[in-house]
Amino acid sequence: MKKLINDPQDVVAEALLGIEAAHPTLRVDHQHRIIARVDAPRPGKVGLVSGGGSGHEPLHAGFVGPGMLDAACAGEVFTSPVPDQILTATRLVDGGAGVLHIVKNYTGDVMNFEMAAEMAALEGDLRILTVVTADDVAVQDSTWTAGRRGVGVTVLLEKIAGAAAEQGRPLEQVADLARRVADNGRSMGLALTSCTVPAAGKPTFELGEDEMELGVGIHGEPGRERVPLAPAREIAAMLVEPVLADLPFRRGDKVIAFVNGLGGTPLLELYLMYNEVNRILAGHGVQAARSLVGSYITSLDMAGTSVTLLKVNDELLSLWDAPVRTPLLNWGG
Amino acid sequence: MADSVSTADLARWMHAFAELVTEHKDNLTALDAAIGDGDHGANMDRGMRAGIAAIDEAAPDTPRALFTKLGMTVVSTVGGASGPLFGTLFLRLGSALGDSTEVSPTELAAALRAGLDGVVARGKAEPGDKTMLDALAPAVTALESAAAAGTSRSEALQLALSAAEQGRDATTPMLARKGRASYLGERSVGHQDPGATSAALLLAAAVRAPL
Amino acid sequence: MKKLINDPQDVVAEALLGIEAAHPTLRVDHQHRIIARVDAPRPGKVGLVSGGGSGHEPLHAGFVGPGMLDAACAGEVFTSPVPDQILTATRLVDGGAGVLHIVKNYTGDVMNFEMAAEMAALEGDLRILTVVTADDVAVQDSTWTAGRRGVGVTVLLEKIAGAAAEQGRPLEQVADLARRVADNGRSMGLALTSCTVPAAGKPTFELGEDEMELGVGIHGEPGRERVPLAPAREIAAMLVEPVLADLPFRRGDKVIAFVNGLGGTPLLELYLMYNEVNRILAGHGVQAARSLVGSYITSLDMAGTSVTLLKVNDELLSLWDAPVRTPLLNWGG
Amino acid sequence: MADSVSTADLARWMHAFAELVTEHKDNLTALDAAIGDGDHGANMDRGMRAGIAAIDEAAPDTPRALFTKLGMTVVSTVGGASGPLFGTLFLRLGSALGDSTEVSPTELAAALRAGLDGVVARGKAEPGDKTMLDALAPAVTALESAAAAGTSRSEALQLALSAAEQGRDATTPMLARKGRASYLGERSVGHQDPGATSAALLLAAAVRAPL
């Protein structure tokens, strides 16, 4: 295993020290592994808390700041945070207007956030609503299963809900908006290589030099199918077509098109992928009204990519364009 | 199961469970790598080490105090799916057993049933979904029957362990419908469930302690 | 070779299509492979042109925009751009106040920019000054050699000179400032893996599972020394100590501390590295007044990192903090 | 070197050079991968293919027109170190040879000397720095001597080629002081210089054409 780390046990704790040192706009509670806006709580503003296993950086810590998250909870690598921690973060950012929990749909994440919300309910006076992202079309959806994984749409949702909260909208509205984003976004991912979990010390799965894993999530889970290595053009089709068909996205739809790197993939390749994705969208009459290209929700050092499309209207677009000031997304007046 | 057990016996059971988890850590992780995310061994080991340290320090003198401490510690140190699920199992065991210093076989079986119900309520899985329930549920049923029949304790635990192991083995051909393994769909078939494997260790620990 | 590409010959051309599609603030001349501000030329503003081989993304295209570069020239992978191309870009951004060429010190880059400037001189009326970055302390400096490579400091220089140009400062001042940055910055890099040049199809060098290459540049050139794999703490020392000793940086100095990923390294590890770097700086009484953590000057898919320190005063800091609006660096009012 | 050559002969020389570059492309790249960035083969091949296409299309009828077209094309398609250096070599050859339809051996040697000087002016390297100069310089000297001695053309070219190849081989033990290989310091020792290798091919092409 080749990584810039010390003891595998200390990866999360030490990365948090680095985040704290690098970003004076963030406050880090090392005991609870919470990364929060330095000015939290903001009185009267709905607080946004997200979190999940570590290893997906910049998600979520890199999205803490004005116009996006108020706090992020970092779990162990690929392991959801714990209820105590989530509850502490929730209390930390509650400015009296309630708190929205943004949860990626994994059994562990859902249960731990649920327990935190139950604990908060026992104590009274803290209002929490929860939105769960479940956008990964590689997973078949069914009421009998754990459902789909939450992946790329989480980034877009945190930005859009963050903008709504920053505008001072009430909790129910922010939550409704967040659910609309969750409902209108779809993703699919592909791995060229496995990731290596530091504590495991070796790749989670073996993949031949001429194979790819199609339909992977962000935890090194095997995908739905192992397929032969293919050019970017074909990979783009393997990812975009099922995404388009699922919602479905239709001719005339506007989307935010998000081409994401899984951690070990350079930006050059992502731009090349974006060209292919954009070409396919144009062929379907779907307009990429905005784009996001980069490694924003990763799976440690995995080489690969995911494509997320979010259907937007003018309201969502204006929230997307609204100012944001976080380490990784930063734009606007 | 003829005789009852003390808080100290229950603590020895949990020590034995923690030891077994440590011994099987790599295997649990390997099973999870095949159909999940490869952290089940680390999760369970982290949780049980912390849990044992917490109960050793607190030296609880009732089953409720023992399992509440353990469950809370597991919930707040593990995360993932197994943290809330095993945590809930222990917390429910604690509530069900209460403060009685001597636990009868029937009480133990009933408490495990309550724990199992807690896991179902939390995880919304059913037997057959390829989860820890597939080992836990038959073990609890076996224990209930043995208690009702007045089987000797060591024989009853042996029966429960066998049921758990059969249940664990039966997860291999199953198609996962809950937890991370469900993402694999058909590809989850042919692999033993990690959570069912650690649940079977819970019964193995009762035999090893012996409870 | 596992990459998100089509034909290796088309990598640069297709990535430029992606950049164009993703960034409406940029204009791309595909024939000349120039990425320019959509509003170039800015009358009265000194134009900033940089460029180099491709494979270092986001450098340079990702730094085109208000407050940074006016245009970037993309060469073939790891091959400097050609004089025609540089001259075309220079003409494109000249707003009458002259143009600064920002060149990384590689024989090829220096000669091609030199020829472009000579061609411009033949045509008259286009004023060009050139600044060359040569910050890599892994290379011994000497008047008898090609000198040091230009690496990480290029990013910081483009930002700072860009801010000065945006303020309307005259060409000589912008060039002076740029040279001060070049003189006060030092870097060193380390590879955990080789990169793979698309056209070559296999790793440029072989590195054992327990080896690292110390003192690498950004072109897959072998480094100065092959050393055993080491923890992040020791790697940070191997990089920071020679950098500190070289300028030298002294107790009380303020720096911008830049921990860079080489393309295949996830952000989690970079933050962990930043913690180690920051710790060493503190031990030397050097203050990290600002930080930059991320993959900003890369070597295709190479796993590894480089550390750049730039000694700053209040003027350089205020130029660093000045607004910038590019795809990859974006902040300020 | 007894007789003079025409523009068409010079064009055949360049065609032969382009062919040799294509044949040795992988080797040039491998040499560059060892002490540089592994693109020398691709660079030279891209440049010479484009150069040949350009002169074939333009059908120049003077040495100046031929080498100016070739040099400009190489400069504007190669990039890197070899683009400006080989480009400058060709451009200077063109200026030196001018519009004379018949090039005498002495003129050819003088023109190559001018080209060499152009490479030195552009790259600021000296013989011994482990660059293409180490093959080019001895070849030019050999050609000058042969021209002065009135050696037959084929023998003169053979002598120049031998000198180039010896110069190329002599780069192996050298410590690089210019170009990317210089970054390696001591580690550059023991590797043959890629640019010297392609420069030797320029002479090999003159023998093969034959010029």
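First chain written, first letter: the chains are A, B, C and D, and each begins at residue 1.
Just so we're on the same page, contacts are C-beta pairs under 8 Å (C-beta built on N, C-alpha and C of every residue); 3 or more make two chains touch, one makes a residue touch a chain.
Computed from a predicted structure; not experimentally measured.
Contact with chain C and chain D alike is made by no chain in this entry.
Distance between Cα centroids is largest for the pairing of chain D with B. Each chain gets one centre point, the mean of its Cα atoms, and the points for chain A and chain D are 55 Å apart. Measuring from the averaged C-alpha position of chain A to that of chain B gives a distance of 32 Å. One inter-chain figure worth recording: chain B and chain D are separated by 77 Å, centre to centre, where each centre is the mean of the chain's CA atoms.
Centroids built from CA atoms put chain C at 29 Å from chain A.
Taken as a graph of touching chains, this assembly is arranged as a line, each chain contacting the next along an open chain of partners. Two chains count as a pair here when they touch; such pairs are A-B, A-C, C-D. For chain B in complex with chain A, the residues that touch the partner chain are 29, 33-39, 42-43, 46, 75-85, 122-123, 177-180, 182-185, 187. Within the complex, the chain A residues that touch chain B are 53, 75-85, 106-108, 111-112, 114-115, 136, 138-140, 142, 144-146, 149, 197, 199-200, 204-205, 217, 219-222, 224.
Only residues 2-7, 11, 14-19, 21-23, 54-55, 57-58, 62, 192-193, 209, 212, 229, 231-233, 235, 263-276, 278, 288, 291, 293, 295, 298, 300-301, 303, 305, 325, 330-331, 333 of chain A touch chain C when the two sit together in their complex.
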